[in-house]
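Here the chain labels run A, B and C in written order, and each chain numbers its own residues starting at 1.
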């Protein structure tokens, strides 16, 4: 074995306890990391990547156990070493950056104390030196007011800043290995760019090795020298980053960017089915929409994109009548809809349906698929008994599911199946417009692809019009005809897809579009150079 | 104003408001008395004049708001009215001031509660925290089963088992805890051992379960896992990372159980014939001596409200979000 | 390098995602599987409850003498005629113990049901409306809960007098405050679910939403709470009866039986059986409460999904 191998994991198997038995999570994985190297661990939900990342530090969560294998770090087997020996490494030689910075900082202590806690404790640096060094780290991580930010408490700074402070905490002791566990997943894209740059710069400057865990291939491509793809606790393949992107060996790896392969040719239309006109809306006293006007052409898809807090979901609530606007109106088939839900007729309600982001919470867990789809059939069309059942089966075929699903409960369905049932429930009303609120963002790529294809097929067959709320530009590319960009409760731009996605851009659209990671290892570097940000190299 | 101070003042204001509403409810009790109440208290032989005089004395001919103001004014000056008992149809009044009845017993009840709390609170916290730390161990599981059993027992069951064992079969302590005003501290403690032990058993069971749940909840936080991943020793994880965030939940548990203790006192005092407020209240309820019932209810409710208030204030002053506002 | 793709040839395709079917069992099969996995304590609890219910239902057939028959000698010792002896006015303790199951549990059950009707109804209403109605009820409940319920009950009983009806109503109203809080809290969690919003968007009426969308989903915590509240109500009524202000004679009741026979305990040195006579009704109270608590504990553990997230 070569001298510069820092971490060598062999045949690692981990089990987790649930449903009264031990189930395998990691089924025998090898992992090697050289000094100063960044390895990306990528996989979808349930791949076991977080468990593997923690195990690389010799840490196992309560309810889990390592059943086989070894993890040699600097001559010590972390699998068999006693806790006391591992504690001497944790926080100093082996550090960790968690996904949820807000929950991972202790609310009772100042940031500076948490940043340098382990460094001072283990005598790596005296307190004064460690504090000075922390300020330098804060500065190089592009945190505002690096001199004083350490005197603040976790709840006093923003999520993106906390994530960078946590990186500083992981760097403070100059560790040999840092494990990043989905550190940017909870952030908006524009914040993500800054955090990614800061983290990459810090890791490269100090020559630390790192394991970077994520489900987003485009993100990991910016960070890692090598990428390992995991699925169901097993390795699918491993390769150098550029090699992996240009020449993936396994079909599964290709499926990780399957949505990016979808593309819809945009079509223009002047026949407007639904529109919001100069709408202002507020939650209590907080005004969240300012003079918003959006029009949806019949049989087409309008995608509303924006970051969290941009007002895209609020716009949907105004359309459905859940949140009556304080000014402006909603027009449907050239007639003005009553503002409030209670004022709308059954037929008006029927024609506008909604599909939610979390299919889990959008279906009553105590009702069967037959009841869920059957209710709108009975409610709007008076179908009962045999006729209702026949129609439910027909709808199940429409969404590419077999009729045996009819008496199944939501808990007996997979994520993609659940979202399909929600689509069927919307179809049962025979609507003209369907509002889709982030309907694919909780799903794995391959499942997203299936749902998007289904929606496109249904649009063609039934002439449906979609309002498609999303933050994911790849999804926009796949499904939309027109795009609306929203920021801070205002419409920045609306137009045909080809027109919005091509220059010239308004400033915010430019910022948003350029912040979306691309499948190009040089994307982040190029972007930083273009924007003139630190950490370009 | 500092937000901590503002929050505390707001909370105290709320406590005062609650006390006020509670006092109104307790006061209104007299108004809900059935019409023939005078006869019931004075006996069948009471003349119309004595009943009328009695009603006048209660102020039932005055406006309720006036009477409430007078009553509260009296309470604040230490005048809780006059007991119903001792009145007779003849019109001879041998009744006593409620204050004279309640005060000496108040001392006794607080003595018993304090004696129990001094043993029970540290014991329960120790057991609860250790059970949480050694979660799912044999110790934890047996403690859990044992406490679940104990909290299912009525207080008088525990009390009589103790009397049977330690009072009758192996007589070590007196089964009648009749403390006298002239007793010394040692003798007082000795006399009150069995009631205090009964209360301790009941309180410790409740409190240990709640402490354990609170600590486990705390230890499940992400920042505790982070502390472990930073290589902190188990001792440091508890002392430095868990404890500063534990004051509020622990204070709540203690206050809740002390409040429970004050109420549990009622049954235990009756079992052991301990001359406290609880026993006085039960006697007064049986004889429908309303002024005494009101005084006792006011005492118990005020204790309860104040204990919860203290717990909330501790929660406020240890909350970093309030201590260090944005 | 693994050849996962060969072992699971179709796992990456949409077709399999669509076709993946999980095993499905009927309700009774699932219930039986759950029951079989129940721990010993839960089984013990269920057996205890079943036994008590049996005794309560068939009390007149099981008891050797009538409930209030005082035609025997007072304080008779245990014998074959009087299994547990007689009490201070010559009633058969064993018979009263059996009737007590019916009276004490019956009153506690009625009280608990009433508390749930009141507290559950208002709780649901408050959770769905979330407006001034909710504010008014919630503040009112806060005040009621600021007075310890045993103390409040004692005060009200001194005013309205001790009889079964006022006992049931008073305890039920006081206890409904806790039911209200729980129902409101769990219902609010359900009300914010997208499927409730979907039903509102469909144009469903409030009653339908309450009945079909919300109620089925708050049942598990409410069922568990019913068990806990029953224990609490049962203990409160027993305590009040023991204090002499609860269920009144000649109705047989375990709390008052303890009180009536308490003096026998002094004779334990001379006749242990006489000494433990007052403890038997107390133990009867304790055992059923333990039984219910064991079942509820398991039920809570089972339904709250205290499992690892894998």
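The working rule: a contact is a pair of C-beta atoms (placed from the backbone, for glycine too) under 8 Å apart; a residue touches a chain by one contact, two chains touch by 3 or more.
Worth saying up front: this structure is predicted, and the values here are computed from it rather than measured.
Visitor: Looking at C-alpha means, what's the farthest chain from chain A?
Guide: Farthest from chain A by mean C-alpha position: B.
Visitor: Suppose every chain is reduced to the average of its Cα atoms; which one is closest to the average of all protein Cα atoms?
Guide: It is chain C that sits nearest the middle.
Visitor: Go through A-B and B-C and name the pair with more C-beta contacts between its chains.
Guide: B-C
Visitor: For chain A and chain C, what's the span in angstrom between their mean Cα positions?
Guide: So the centroids are 44 Å from each other.
Visitor: Using Cα averages as centroids, what's the distance between chain A and chain B in whole Å?
Guide: Their C-alpha centroids are separated by 51 Å.
Visitor: Can you give the whole-Å distance between the Cα centres of chain B and chain C?
Guide: 24
Visitor: Which of the residues in chain B end up touching chain A in this complex?
Guide: Contacts found on chain B: 221-223, 225-233, 241, 244-245, 320-321, 324, 326.
Visitor: Per the contact definition, I'd like the list of chain B residues that touch chain C in the complex.
Guide: Touching chain C from chain B are residues 18, 21-22, 25-26, 29, 32-33, 145, 148-149, 151-157, 160-161, 163-164, 168-169, 175, 259, 262-263, 266-267, 270-271, 281-282, 284-286, 288-290, 293-294, 296-297, 300-301, 304-305, 308.
Visitor: Across the complex, what residues on chain C touch chain B?
Guide: Of all residues in chain C, those touching chain B are 41, 142-143, 146-148, 150-152, 154-161, 231, 235, 238-239, 242-245, 255, 258, 262, 265-266, 268-269, 272, 275-276, 278-279, 282-283, 285-286, 289-290, 292-294, 297.
Visitor: Given the complex with chain C, which residues does chain A contribute to the contact?
Guide: Result: residues 16-20, 23, 25, 62-64, 231-232, 234-238, 249-252, 255, 320-322, 341, 344, 346, 349, 353-354, 356, 358, 361-367, 375-376, 379-380, 400-402, 404, 408, 412-414, 416-417, 420, 425, 429, 446-447, 449-450, 453 of chain A touch chain C.
Visitor: If you look only at chain A, which of its residues touch chain B in the complex?
Guide: These residues of chain A touch chain B: 54, 57, 59, 61, 86-92, 95-96, 98, 100, 103-109, 117-118, 121-122, 152-153, 155-156.
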